[in-house]
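Going by the order they are written in, the chains are A, B, C and D; count residues from 1 in each one.
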Amino acid sequence: MFFASDNSGPVHPEILSAIVRANDGYAMAYGADRKMQQALETLKEVFEAPQAAVYLVSTGSAANALALATLSQPWQTVFCSPQAHIHQDECNAPEFFGGNKLTIVPGGDKIEAAALRSTISQEESRGVHGPQRGPISITQITEKGNVYSLKELHEITRVATDFGLLVHMDGARLANAVVRLGCSPAEATWKAGINAVSFGGTKNGCLQLEAVVLFEPEFAWEFELRRKRGAHLISKHRYLSAQLSTYLKDNLWLESARQANRNATRLAKALQERQIELVSEPEANMIFFRASRKLHQRLFEKGAVYHLWDGTIEGPKNELITARLVCDWSLSSSQLDAFAALF
Amino acid sequence: MFFASDNSGPVHPEILSAIVRANDGYAMAYGADRKMQQALETLKEVFEAPQAAVYLVSTGSAANALALATLSQPWQTVFCSPQAHIHQDECNAPEFFGGNKLTIVPGGDKIEAAALRSTISQEESRGVHGPQRGPISITQITEKGNVYSLKELHEITRVATDFGLLVHMDGARLANAVVRLGCSPAEATWKAGINAVSFGGTKNGCLQLEAVVLFEPEFAWEFELRRKRGAHLISKHRYLSAQLSTYLKDNLWLESARQANRNATRLAKALQERQIELVSEPEANMIFFRASRKLHQRLFEKGAVYHLWDGTIEGPKNELITARLVCDWSLSSSQLDAFAALF
Amino acid sequence: MFFASDNSGPVHPEILSAIVRANDGYAMAYGADRKMQQALETLKEVFEAPQAAVYLVSTGSAANALALATLSQPWQTVFCSPQAHIHQDECNAPEFFGGNKLTIVPGGDKIEAAALRSTISQEESRGVHGPQRGPISITQITEKGNVYSLKELHEITRVATDFGLLVHMDGARLANAVVRLGCSPAEATWKAGINAVSFGGTKNGCLQLEAVVLFEPEFAWEFELRRKRGAHLISKHRYLSAQLSTYLKDNLWLESARQANRNATRLAKALQERQIELVSEPEANMIFFRASRKLHQRLFEKGAVYHLWDGTIEGPKNELITARLVCDWSLSSSQLDAFAALF
Amino acid sequence: MFFASDNSGPVHPEILSAIVRANDGYAMAYGADRKMQQALETLKEVFEAPQAAVYLVSTGSAANALALATLSQPWQTVFCSPQAHIHQDECNAPEFFGGNKLTIVPGGDKIEAAALRSTISQEESRGVHGPQRGPISITQITEKGNVYSLKELHEITRVATDFGLLVHMDGARLANAVVRLGCSPAEATWKAGINAVSFGGTKNGCLQLEAVVLFEPEFAWEFELRRKRGAHLISKHRYLSAQLSTYLKDNLWLESARQANRNATRLAKALQERQIELVSEPEANMIFFRASRKLHQRLFEKGAVYHLWDGTIEGPKNELITARLVCDWSLSSSQLDAFAALF
């Protein structure tokens, strides 16, 4: 009954097997091995983006911070949601790598085009004195488990285009969005006007694998240098390429995400049947629900593991507290049902 | 009819004379001259803070950025108003010097204690993942010309104390606040719980003079090194010490600010008599008023110089636009009356 | 016949097995799992340093850059060898993470105490104007494969103590040094006056594992924050703890290094028997030899893989070129002999 | 008898007068005044560089650090002399502003083309792992008072061109070099292949004035943003423009430098007549001489002020110590002769 995060589950057995198989003989380090090139080619094919530049790193924060630093200048500001991981959960990594500011677009976890336009308009009204307008960063799926529709993406990137700005997508859970949207990875990204994607694998069955896909190849060499300077160039790249190849092969990445989303849907339905109040209909692999502290305490006692979102486990019994449940691909129906039965 | 800024007026003649007088013979550079030490001692006496460490720089942004970098760590966030100069008008200097983030306290130009407490509480709820709580920076007088009362200052620094945080005051116009509050510089700062002040002179009759007063002397050497590393150690310090000595002598700094405030009061009264709508009663040397674009256009044509705050000079004639008028010590009654007569 | 680097070989089978075994069920991310704590305790025991703070990262550059940034201030300079990895091979990562300068101690790959003392003495002679003296960083074993004796270490740390400076050891190959010195890990580090170690695993049989051991625990929390801010906090820590536990268990780390050193000794002997000129007697797992370009070309054609150190493969046939051979634990006697037979 | 530095003397009376004259009425801040534009135009004319972008700052370190940050990337290294001000006397400002490394070109205070070529060649031999080649920074006149001949400049910039690198000149004392070389400012800079100059005024009669001349105008806007972000945008620019206009008018800047050089020549001759050993024939306004500590002590007692270069004032009487004498334009013949008479 482990719903704390989708980085708490095991590595997918096929990916682990690939790592084991990769452990044979000698290979040039730092990505100079042949299999690495093959894996990266496959990733470009998946995105239908032969011109893209693709790189591997080992944390999602590294993917985000390096991508944004590459797309921006230190005197610019990056526009993001108040809920963005880059704002709330990276301990100033974006400010460190890019030297710039984050400007919060007022609203919820999803940036709305109108609010974005208004926020950008207000910025850069003071010539050299104020921060200059920089890239927009959106999170797909969001930290609250919501999915931008293709229409919403196009509306946002339209604003970017109007101001001549680039758009970065934090896709730590992009797979969950792609299966939800039922579109191609290309449609979900560059065809919708996205210029760079942090493409996550770790939360979806990999051991440790995040990719950055730069659809504007002129940033390629700068990214490589920033990655090295950020001490993020992994030496034994063959274990990254093994993960990536297997993750992409036969749509394993999409199948895993589909299963994770399905798990969330099943669990949400079971909770609703038990009259549990959901904050919103789950769109991908996360559920936010509200319940009394008393109930949370009972679930914790029974061994359930998940995060409370707006309160602590100690306090008045009847206070309502929102909690987050994250499903990954690995959860079985019986695990889900056993958990739901506790409510 | 020049109300664009209090850095547009002339240097006070006494200060200019002091610069001229200082131009005699040879003096050790970089603040090692004897007169520099005297001037700094005087500044400490003005603040009744013999233990303080005081340093001179040549821009207000340098004073702010160096002070905040010294009081903070790169993984912390600095709490400030959405209107703060450090946020809006320093092109990411705080992020550059300190490496950290700015967290906006929702509300107006003055930070309110309750909003500050709530904002700080929400920060640092994620252990190592999120930014850590850092210093609070308030602006006295604010960018909108408002003055924190001593009570409000104490309420804010009480919040800081509760969380163990330091408080910086951007006092580019501190003089205007001190005369408004009718208290001593000490009461307006360290006795109200302020740990470091950017003490402005340039907007109040100096040629180019900003001081940083660190009431916590353990930061002294770090500040000196940060100033040098920031390329902000002026070589010919004797012209800074000449300014500082004269600025402080016989309360010239307070008299100048008093005159500036008086000028704003006179002008505000004249505008109100002409039925001009003020955004608020002026508390120091700034006036914000609302008028039709048509009126602004006429004033501009007559040679008035000031900044529009929420619109441009071209557009529909009857649209109401807020504008800012800043008075310095140098404006004569006749200049003020001539300007008011244009309305 | 792969001697390009000790990061080109396979992961040790026991370590790979541990990773596979770790892939069971759910575990809290970011190092909050129980096994992580056990693994870190074991590391402290290995170093006989119960008070130490220990952290895992995924590259040696991250270990170095984060450790040095933690031990230094941005206005200081780090003293190192002209051959140091932090100077030559990290694309300004130390300057990025620490904001400081590197001052080269003249000499060879090993810093000599007298040169160090002289270099430190010359620094910081200009008060606030020049860089301030910061930590010393030494590499054990060096980039040239040499090993500091305990006596040499004590001489260096004595200089550090005389100036009140801290000492960092880049121990990407510390294991190879410990077996060569025949001393305990404690004797090779903190008992010799070292304050922080980058403790390598990746070059000695791990998949991806570098630890930082801070013998001064007051730096612990700062290091954690710097690691997160540097985007170096790995999410699925359980696979790191699995590696670390197994690496340390039953002295696997020392046995692997011993085997690597033995391999280098065997190969060096074979080369010497074939009249190949070694730059110096190998002290650990690296051999530097000089041979004509013609010979290198022949070896390359036969499939040998290694790096030329001071020239390229194309050019005059008879020119002498130095090359580096690195042995890891995995090389078999027959592989070594087959390679030697090519000469 | 003040020879400590050329920033110890008074402001030239004509420049001071200009500052006083500028103190009339109101002027837009931050360089938006009309006189500022005129002054900058004049500077471009002096350099015969109508396309150049020119900016004012208030310290030489700011000019250097901002110029180099603008010309470089954070993953590059800046090539400079071991004696360079940017390396020895700016407390890591270049590393702070640019994020990059400084690579020392072995040799004396003047970089020699052959050593430069060799140093550049060795850098960037490791692909993404090592620092990338960045701009070259030379100091004219050098910290040791030597002057690069036009031939030497051309040799250096030829190397730069061969590698596709830019060249920055720290011209804190450029005026002294131009009069020594007897060439035009253009010949001494961009016609010799220099891409950006820190053009000093403070050491040559200004109160506080350093300019940056970017001969490559595509860097203009970036420089402006870096200047603001570095908190180096002075508000009351009219006092800077007053200085600059007067400094350039009627060749005052060259006349002042000529007088300073003449003073050094006269003093050097007087010392040589007294059998004092000069380190080298003075080429501009600095003299380095060697004398016993006993002599230095006597001179100090008589009130002479200058810096010892390789020793302290206390110690064995007969030890030889090198000292630096800097002459500015303001020294009178009688002051020089009185000082020489002490020897």
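Brief remarks follow.
Convention: a residue touches a chain if its C-beta (ideal position, glycine included) is under 8 Å from a C-beta of that chain, and two chains touch if they have at least 3 such contacts.
Keep in mind the model is a prediction, meaning the values are calculated, not measured.
Using CA-based centroids throughout, the chain positioned farthest away from chain B is C. Set against one another, A-D and B-D show the most C-beta pairs in contact at B-D. Annotation: 51 Å between the Cα-based centres of chain A and chain D.
Averaging Cα coordinates per chain places chain C and chain D 42 Å apart.
Taking the mean of the C-alpha atoms as each chain's centre, chain B and chain D sit 33 Å apart.
Counting partner chains per residue, chain A shows two or more touched chains at residues 74-75, 90-92, 96, 128-129, 132, 225, 228-229, 233.
Taken in their complex, chain A has these residues touching chain C: 2, 4-5, 7-11, 13, 16, 19-20, 23-29, 58-62, 64-66, 90-93, 96-97, 202-203, 207-208, 225, 228-236, 239, 305. Listed in rising order, the residues of chain D touching chain A in the complex are 30, 73-75, 128-129, 132, 222, 224-229, 233.
Partner chain D is touched in their complex by these residues of chain C: 74-77, 88-92, 95-96, 99-102, 104, 126, 128-132.
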